[in-house]
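The following block contains the structure, expressed as structure tokens.
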């Protein structure tokens, strides 16, 4: 028998999938909602316990999916980093669902709500599987699951525009997964394995002997481009604002905060456990990612400045934040990668907070979406306003908040890489200014009383309160106790590299 | 001899794919796509993968084709109002 | 030149698969009509599967189903690509069905299946 | 000039973006756009869109051609077609073939591989199918969001045709053919571990049979024995059985326990342990899914 905690990753994935399968049995949304949120929090609790145990022991383990060991059967592998990511996925999904409950009631017809929760729990399962998987083909299958589920939670809010946004999202996603698929097919053809440790061994052998170098380059290129399309890195970002800006609140929060990150996590895992970072660096792919990351940071912010629809503004800001992650990956050092992962955590908590608060603010203002008409919404519901302000300040980079820590870590890690030092620092500074240029006016506008305010005070929303408090606590926690988290991230990355 | 046959099949696949993308009417494109699936079935059989052949025949040429045609009916493309 | 031609005949399935991949990819990117786009996606996916299966094929061996009790690996072709392709076909059918359902709904809302027109109408509606 | 800047700054701090240069209001944007259109001629935005479309098309073609060319170049570096010494043909394949029958009990090595060795992928695959049919349900199930009068008339007309104008020849032929199709589907499902085929292809065949029945006798006739409730019940039950048996096998496998399920004689119908159960579950799910697709696409209800 294995130690009990080693069953947790599989148990979490399985729990989510079974929850998804049983959802159609519910007639109405309310119970389905409660069960799904409960499952998300259970996933969070289990994964957090696992993360603590693994981080304490500096341990990494593989879990056989079936009776057959490594090169024959499927496997999943867990280390402190993936366990923490999985905990974050569970927590943020649960909190987003709570925070977006009112919007779900308004946007999705009651008989179809259980189907929405099918998608959410399958998405959570897929995200965890992407973090834990130790097999490239399993990665592909779960990428497809997350694609369909992500598109479905966009279109769940059944308006013409969200369906148009969904089809665009789907087309782009299909391009991405097609490229990823041909990448792994080529990889299988030259290595003959599908499990990451075995593939990695073969890749090292090929790299050292110089055989199949061109196909290998192609493989790394295809997989990178495929995943970058799916996580909206700069030249492939055009689909994002429509999809994330138009969906219902909890969908936007989950999509922006988690789904984009799931693909990046898989990419980092592939870089570390399959190709090794040295190979990727010597193929100059990190430098390319660095350039596009910077471009994304700047262009995303510039487009956000020009946007007046609050959710689309947040969506454009997501493009910029994804740019930060790729800036960290592009540095090509361990510290840079760790900073990128830290940014994943920070953005994964902050953006849902912003979306949830924005959803609440539009709700109290009578479903207005433009910043101009939202003036004064924060006065009507000060708590939502405070949450939005906190998230915005974190994005701008106020010390003691998560966003500041992430930027600081990125800057600190760029110090060690000389040719990339100045571009990285300049881009960070410029993008901070740009962030301030759209977040500060938005916050000021929200707090300025105006004629658009509702006359009667807002109805109480305990679920929203819980969600906003949880997410805000996460933002502050990420800003204050950075050191232990960074240690666990570093340990996790080193363990990923060791196999 | 098999090689020639295989080459012919591959050629017809390419021709089908090109024809489907340049055909005037949507229904033609769908029918050509179904033919493409059928050729693919034969190729799976030649590549010694009978499992794939059965699946492709049942799904690619069968159910997917039906779904395509039903969609064409819903978007009123069967009578050629849109695409002629 | 003759050598290259011979090599091309040897790699016939792979080359065909790549041509199909290109055609499918272009269709998915460039076709304005959504139905053609999804046909392009199907062509692209099946071309990748063709590529995979042709790399698993081994000359002179038979399908991976136990025949005449022979349990020698040298009797059968590689079963792994077939399994992977089976999974892939299911995925592509599911995606096609989802896509076509979306197309139906879009037609109901906008009265067209041209991607550009739909995006334009959606944008106009946003303003 | 300076004064204006200062005033703009004050307004910006006051949070009154309406008079700011970067106008944030929808009204302001509309005004700006109209002004720009006046300045540059009416077709400005159209032309820009056209130019953008051309740029997009050209770059797409260039990207695609470069991908194809590099792939064509790469192919010649890959192992030869049909060669026995390709990297893919390694110890993994050997084990699947030489030990496959003994370890999984399946005579069809592909089935043994996808339902036992690499079963997690297949579990994901059936979830994809489930997700697809659920999203089609969300999209096409008739409710107040997706009803148009024209569509309703059409559907009513089709139901009328179904009821009143039944085609005798078609129905007689289908009455003969349909049992054969179903029987063949069941055969393919049950023999998934013995011969080519399995849950997915067999399920698709059975689904095809049901679709044929629905198309000739009318969806109302099918609804007598297969409605939304049976659909939900069958898919949920089958997927849950699938998940439970897989969870059992994963859990025991990882923890080094025996499953305690006899594999039986290879080649018999009742053999190879859980594979038969899994095949039946997948078959049931796929049958429901395929017919569900048809009914939803054709009528928007199940």
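Residue numbering begins at 1 within each chain, and the chains themselves are lettered A, B, C and D in the order written.
FYI, contacts are C-beta pairs under 8 Å (C-beta built on N, C-alpha and C of every residue); 3 or more make two chains touch, one makes a residue touch a chain.
Owing to the predicted nature of the structure, the values given are computational and were not obtained by experimental measurement.
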Just list the two chains that share the greatest number of C-beta contact pairs. A-D
In whole angstrom, how far does the Cα centroid of chain A sit from the Cα centroid of chain B? 38
Averaged over CA atoms, how far is the centre of chain A from the centre of chain D? Could you give it in whole Å? 24
Just give me the whole-number Å value for how far the CA centre of chain B lies from that of chain C. 11
What parts of chain A, by residue number, touch at least two of the other chains? 137, 141, 144, 148, 151-152, 155, 163, 182, 188-189, 194
Two or more other chains in contact with one residue: find those residues in chain D. 26, 29, 71, 78-79, 86, 88-89, 92, 96, 108, 110, 118, 121, 124-125, 128, 131-132, 135, 139, 146, 196, 200, 293, 297
Overlap residues in chain C, where contacts from two or more other chains coincide: 12-13, 19, 21, 24-26, 29, 54-57, 61, 63-65, 80-82, 84, 86-87, 90-91, 93-95, 97-98, 100, 102-105
Let me know each pair of chains that touch one another. A-C, A-D, B-C, B-D, C-D
Going by the contact rule set out above, which residues of chain B touch chain D in the complex? 49-51, 53-55, 58-59, 62-63, 66-67, 70-71, 74
Partner chain C, residues of chain A touching it in the complex: 137, 141, 144, 147-148, 151-152, 155, 160-161, 163-168, 170-171, 174-175, 178, 181-182, 185, 188-189, 194, 242, 309
Would you tell me which residues of chain D are touching chain C in their complex? 26, 29-30, 49, 53, 57, 60-61, 64-65, 67-68, 71-72, 75-76, 78-84, 86, 88-89, 92-94, 96-98, 101, 107-110, 113-114, 118, 121-122, 124-126, 128-129, 131-133, 135-136, 139-140, 146, 148, 151, 195-196, 200, 266-267, 293, 296-297
Please give the residue numbers of chain C that touch chain D in the complex, ascending. 7, 10-15, 18-19, 21-22, 25-26, 29-30, 54-59, 61, 63-66, 71-76, 78-84, 86-87, 90-91, 93-95, 97-98, 100-102, 104-105, 108, 116, 120, 127
Applying the document's contact rule, which stretches of chain C touch chain A when the two form their complex? 21, 24-25, 28-29, 34, 37, 41, 44-45, 48, 51-52, 55, 80-81, 84, 87-88, 91, 94-95, 98-99, 102-103, 105-106, 109-110, 115, 118-119, 121-122, 125-126
